[in-house]
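Take a look at these structures.
What follows is a pair of complexes built around chain A, which joins chain B in one and chain C in the other.
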Partner chain A sequence: MAVIITEAPAPARRPVRDRHHRGVSRWVVLTLVTLGALVMLVPFAFMLLNAFKSPGDYSSSGPLSWPTEFYTKGLRTYWTEVNFPLKLWNSALIAGSVAVLGVAVSLLNAYALGIGRVRGRLWIVGLFLLANMLPQEALIYPLYYVAKEIGLYNTQLSVIIIFTVIQSAFGTYLLASVMGTFPRSLLEAAALDGAGKWTVLWRVVFPNLRPTLAVLLIFFFIWTWNEFLIPLVMLIDNQTQTIPVALASLQGDRLMDAPTTNAGALISLVPAILFFLIFQRTLARGITAGAEK
Partner chain B sequence: MQRFRRIVAAIALAATATTTVAACGGGDSEDDSGAKTLKLWHYESENSAMGVGWNRAIEIFKAEHPGVEVRFERKAFEQIQQNAGMIINSSEGPDIMEYNKGNATAGLLSSQGLLTDLSAEADKRGWAGKLSPSLQTTARYSDKGVMGSGNWFGVPNYGEYVTVYYNKDLFQQNGVKVPTSMAEMTAAMDTFVGKGVTPLGMAGAEYPAGQLFYQLALSRADRQFVDNYQLYKNPVDFKADPLKYGADTFAEWVRKGYIAKDSASLKAEDMGTAFIGGKVPMIVSGSWWYGRFKAEMKANWDTFLFPGNTLQAGSSGNLWVVPENSKAKSLAYDFIDITLRPEIQDLIGNNGGVPVAGDPAKISDPKDRKLIEDFNAVSKQDGLAFYPDWPVPGYYDVLVGGFQGLINGSKSPDQVLDTIAKPYADGVKEITGK
Partner chain C sequence: MAVSETVVATQPAATPTPPASRRRPRGRNAAYWLYLLPGAVLFILVIGAPLVGTLYLSLTKWSGIGDPRWVGLDNYQQLLHDDVFWASFRNTIAMIVAMVVVPTLLGLLLAAVLFDVIGRRFKPRTAAALRAAFYLPQVLPVVVAGIVWGWILRPDGAFNSLLDAVGLGALRHDWLGDPGTALPVVMAVMIWVQIGYPVVVFMAALQRVDPELYEAAEVDGANWLHRFRAITLPQIRPETFVVALTCTIAALKVFGPIFALTRGGPENATNVPSYFAYYTFFKKLQVGYGSAISTVLTVIIIVVAGVFIWMQARSERRDRGF
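Up next, the complex of A and B:
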């Protein structure tokens, strides 16, 4: 008996005008968007350019020059030296678990706060937000200490738990306000039909929030994927480390190897981009969901 | 880097809290003679001089200790720099690792009881005899974690020092000879300026400016000054020579065009690539560039010691340390001993590194040999004067800010000395409690 809120019938449509008759503003906007997109792509272009350049070439002609040869040793060095497949698996495991668990925890929290309307929910939400706003540098030592005491230091589980909490703090805040506007009539109707709290969550609320949850899932995944400090501190064995930490191992004390770093960044970026492309449709749908209400 | 420095500060603060915890931990792990694994960490890249040398050392260690498994992991510099205290305070840490020398790093951990005292081993195995006094400075720390005296907490394998790299081709084209005194050095730079070439590559946004200032100051300094400045033996007057001379001369070099005004915002990497690309004839910087120049530079180049100085910025390289929680201490000592053998030391030298106990006669490449002979000369006459940013935590950023002002001309030498004097005095007060 899944109930989906159907969109209100669209008001009588305005007559469709010829798209070429909307004036110059259209073109201005288009140009600006294109320019903006190009500016955003510049750093990636540099990365791409320098990933295939030999260190000597980079040092003598600088980062802007066209590579004199197609140099792939940087890519290969990075791949083998840091054992990239293992790091990829670690990152995927951690980011994937956090995304799923974080969304689940957010949903349950937000159900209590947004629909259950528990007493003092504003303060609770505020408290959750605090977890998100605190700089991680301030959290790191207590986290280290607790992890060490309970034997989770240097395990991926510790990082998964920490990020599930941090991400779900934001998720709770967002979902709680979304659920605050959930149509009461729908909930009452479900209650009249004899649905318990669990059924309401699972059969009424969840299906309607699915697009939003999908977006949260993707955000949690990408945010966790890119996290650096906490994995750096918590995961000290090369066997457990994530991709951003591996990337940092290319940076020495006083020397840097720009082409290899670029090559590493390129390889490390690919999984996140693939993930984004695959779920990009969901993302667009989720962001616009509710825009018509 | 900036972001990390802040984090480092935060963690260092947090790490001091570990002191009390750590104090209870030590002392019960002496019985490790039966250890069957050696967990070894370092952060040198595979092809660097140290990377090559230590790979060989691991092979030798395995051959001499059949049945012992060496679990080597190459770590990120970043990770060790930031987390060493937390890592070795847990049971997950390594049995032996490479760690940064200096008060803020090895000194801090030794004062917290996290590192093993190596004094007995140093005596027994004759490590002290292999290292000159100025190399030992960074290996020994007092109970407050101040380097220079006290027990051995680390053993260096290689050295580093600031020298002058010059582009032979550019020297030849402009008819400039390699200078052997400060007067010849300024004359050489005048020649370049006369031909419209900026003679000295510089990077105001990172360490090179502070190191050049320090080199200039050292030309008027003696060992007493270094002890005062680095080891807090006596108060340092920033408004008197040698520091005043250093700042004044630096400003003069900027005024005369030896140093480009627009180098205030450049990074060390920019300076290095400018030299590799043949855009500047000279840079004053450390031996850590050597391997890279050798691999990447097409023009002819060589090095000469900063002319006229008996003291040079430089020190031992990073240290081997044995954490107090190490489960294989005697194996760790054996490994350190292997890395100090002539075979490994010469291997480091032949790969462009500066071994602490190397024999120049065993080095085949003449340029490599020159680098090592220069270092040995400095080290033998007790000439390693460490680095200007070492004395107090956070001083690196102070120096960078100060000398950026001097390069772009927004501050006078006097103002710069004022800027850098106060944080120094405050920092020293905090450390010595005086």
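Up next, the complex of A and C:
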């Protein structure tokens, strides 16, 4: 997620003659890139413009007009019809559980692979990496069938278990390579003090890796939040669906006139934009920490 | 997706073992297997077994009820003669253009311009704000973004109104409903979705490059384009590989945007293998055939990933040779 440049890359060092050379062209470049960035934002502008418009206003004045009144009924209709708070809770429950469990499983796996250096670890890490690349269609039918057989179909738990494994496949790959560079002296010192493997993991490895784990936690959360295929297949009713699935299953529904669609999309995007704003600094730190290795 | 790859890009993958570990007796390490146990069990249940299951089902005919009937390679033979199957893979190539080729090239240019021109000749904050604008679509649930785009591109949607407003009303069109325009329009939306990822990764990569290289080149009179080609491109090649690989895998797997925008239509003009498989599984209830499509897609992804990793290893070896 966007890396924030916190320090200016020393603009003071610029040679003086450069200013003459680029006086005009830099403004041209800035204008072009800004135009590009505005084009990126146009869909959001359309969405905002129409999310608070009444259906009558929309059908008479079209999608580009300024709303004649601040109309919130579309938003309220969507909110109550789909029981948005419940969808929010489902998404948060699934993404939150997957983030925590996925990091825990990744940590245990990576401890055995990166620090324990068990035999065949390169193959095992490769297998995890490969698993992360698999198309979900290659897993979905057997998962769907078995979930039905054992009564996990249409439960949040089924999605939590599946994504814990899929995300931890990536987490294992990442953490195993980070732990491969873990200072051996720290481990040996702890072993000399008589610490067992479990104690070393909790008292030495875990505290040292906390920043990386935090980044991984946030990634897992956001990825799981945005997932679509598996929740679409596994979660079929109002009680269990996540935010994206709820919006997608109402596509083309009588309820969803253009303003309501936009209002629904708007509130569905708000949480993701909030995570982006809240977490971008943490993520930037994690990425920079990785780069310094 | 995006972010983790950023991390990968900056992490040295699978580090070599220091010789010290070899001296230790095996018994000590064996205890670590215990830590791998929960992960391994979950992995086998959720990934290993279903994958084998799909492979087996691809050799059967099954509607999901009763017992699968063994048919050998029939499904695969049928695939070879299935126009929809071939169309879906042709469309995958279009997705690779829209999600890999264009975003990577455009991303290199944008990242270099943002970092080198805007970041240094204007305030770094300006560069960060512009980068955030390009990156925003990457943090959103892609299906939700797809639904907004689907509305914008409808016959009575915002895009046609915009054409009217600027006097190009003659171009009004059912953009997603016409087999002739649906694919190019979906490609344009995918570029919009994808572009932020390479921009962010490449900008992070550029911070790693020694500024003195650029200064030395500038003193020698190299212009911006020279520096871009001689310094920027070679310096961030590892990240370029990672971006190209992860975007290619994402393009091969693309599902959500197609589901939200066109459901593969009209007339399969935008169908892709993963949507084709989903539709075959859950709408046509041809589980064996859907499994065959998924298996072919899986094999292609593994081969593509293998080729990428092999190419990267080769180019690294060549670099060390110099």
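In this section, the second predicted complex is superposed on the first by the 214 of 293 C-alpha atoms of A that agree within 3 Å, B and C clash if a C-alpha of one lies under 4 Å from a C-alpha of the other, contacts with A are read in each partner's own complex, and residues count from 1 in each chain.
Quick note on the criterion: a residue touches a chain if its C-beta (ideal position, glycine included) is under 8 Å from a C-beta of that chain, and two chains touch if they have at least 3 such contacts.
For clarity, every value in this text was computed on a predicted model and none was experimentally measured.
Undergrad: In the overlaid three-chain picture, which partner chain does A:Glu81 touch, first (chain B) or second (chain C), both, or neither?
TA: first
Undergrad: Name the contact category of A:Arg184: first (chain B only), second (chain C only), both, or neither.
TA: second
Undergrad: Going by the contact rule set out at the top, does A:Asp237 touch chain B (first), chain C (second), both, or neither?
TA: first
Undergrad: Which chain, chain B or chain C, ends up touching more residues of chain A in the combined arrangement?
TA: C
Undergrad: First (chain B), second (chain C), both or neither: which does A:Arg119 touch?
TA: After superposing on A, A:Arg119 lies in contact with chain C but is clear of chain B.
Undergrad: When the two structures are overlaid on chain A, which partner does A:Ala258 contact: first (chain B), second (chain C), both, or neither?
TA: In the superposed model, A:Ala258 contacts both chain B and chain C.
Undergrad: Classify the contacts of A:Leu134 with the two partner chains as first (chain B alone), second (chain C alone), both, or neither.
TA: The second partner, chain C, only.
Undergrad: Applying the touch criterion given at the start, work out whether A:Pro55 contacts chain B, chain C, both or neither, answering first, second, both or neither.
TA: Touch status of A:Pro55: first partner only.
Undergrad: Using the touch definition from the top, say if A:Ile162 reaches chain B (first), chain C (second), both or neither.
TA: second
Undergrad: Output check: A:Leu229 vs chain B and chain C. Expected answer is one of first, second, both, neither. What do you get?
TA: Both: A:Leu229 reaches chain B and chain C.
Undergrad: With the touch criterion stated at the top, can you tell me which chain A residues are shared between the chain B interface and the chain C interface?
TA: 62, 137-138, 140-141, 229, 232-233, 245, 248, 251, 258
Undergrad: Which of the residues in chain A end up touching chain C in this complex?
TA: 1-5, 7-11, 13-15, 18, 22, 26, 29-30, 33-34, 36-38, 40-41, 43-44, 46-47, 50, 62-64, 105-106, 108-109, 111-113, 115-119, 122, 124-125, 128, 130-131, 133-143, 145-146, 161-162, 164-166, 168-170, 172-174, 176-178, 180-181, 184, 197, 201, 215-216, 219, 222-223, 225-226, 228-229, 232-233, 243-245, 247-248, 251, 258, 261-262, 265, 268-269, 272-273, 275-276, 283, 286-287, 290-291, 293
Undergrad: Quick one: which bits of chain B touch chain A in the complex? Just the residue numbers, please.
TA: For chain B paired with chain A, touching residues are 6-7, 10-11, 14-15, 17, 43, 45-46, 73-79, 81-83, 86-87, 89-90, 92-93, 100, 207, 268-269, 272-273, 276-278, 286, 288-289, 292, 295-298, 318.
Undergrad: Note which residues of chain C are touching chain A in the complex, please.
TA: Going by the criterion above, the answer is residues 1-4, 6-8, 10-15, 17-18, 20-21, 26, 29-36, 38-39, 42-43, 45-47, 49-51, 53-54, 57, 64, 110, 113-115, 117-124, 126-128, 130-145, 147-152, 156-158, 161-162, 165, 192, 195-196, 200, 203-204, 207-208, 211, 215, 218-219, 249, 252-253, 255-256, 259-260, 273-274, 277-278, 281-282, 287, 290-291, 293-295, 297-298, 301-302, 305.
Undergrad: Under the touch definition given earlier, write down the residues of chain A that touch chain B in their complex.
TA: The contact residues of chain A facing chain B are 55-56, 58-62, 81, 137-138, 140-141, 144, 148, 153-154, 229, 232-233, 236-238, 245-246, 248-258.
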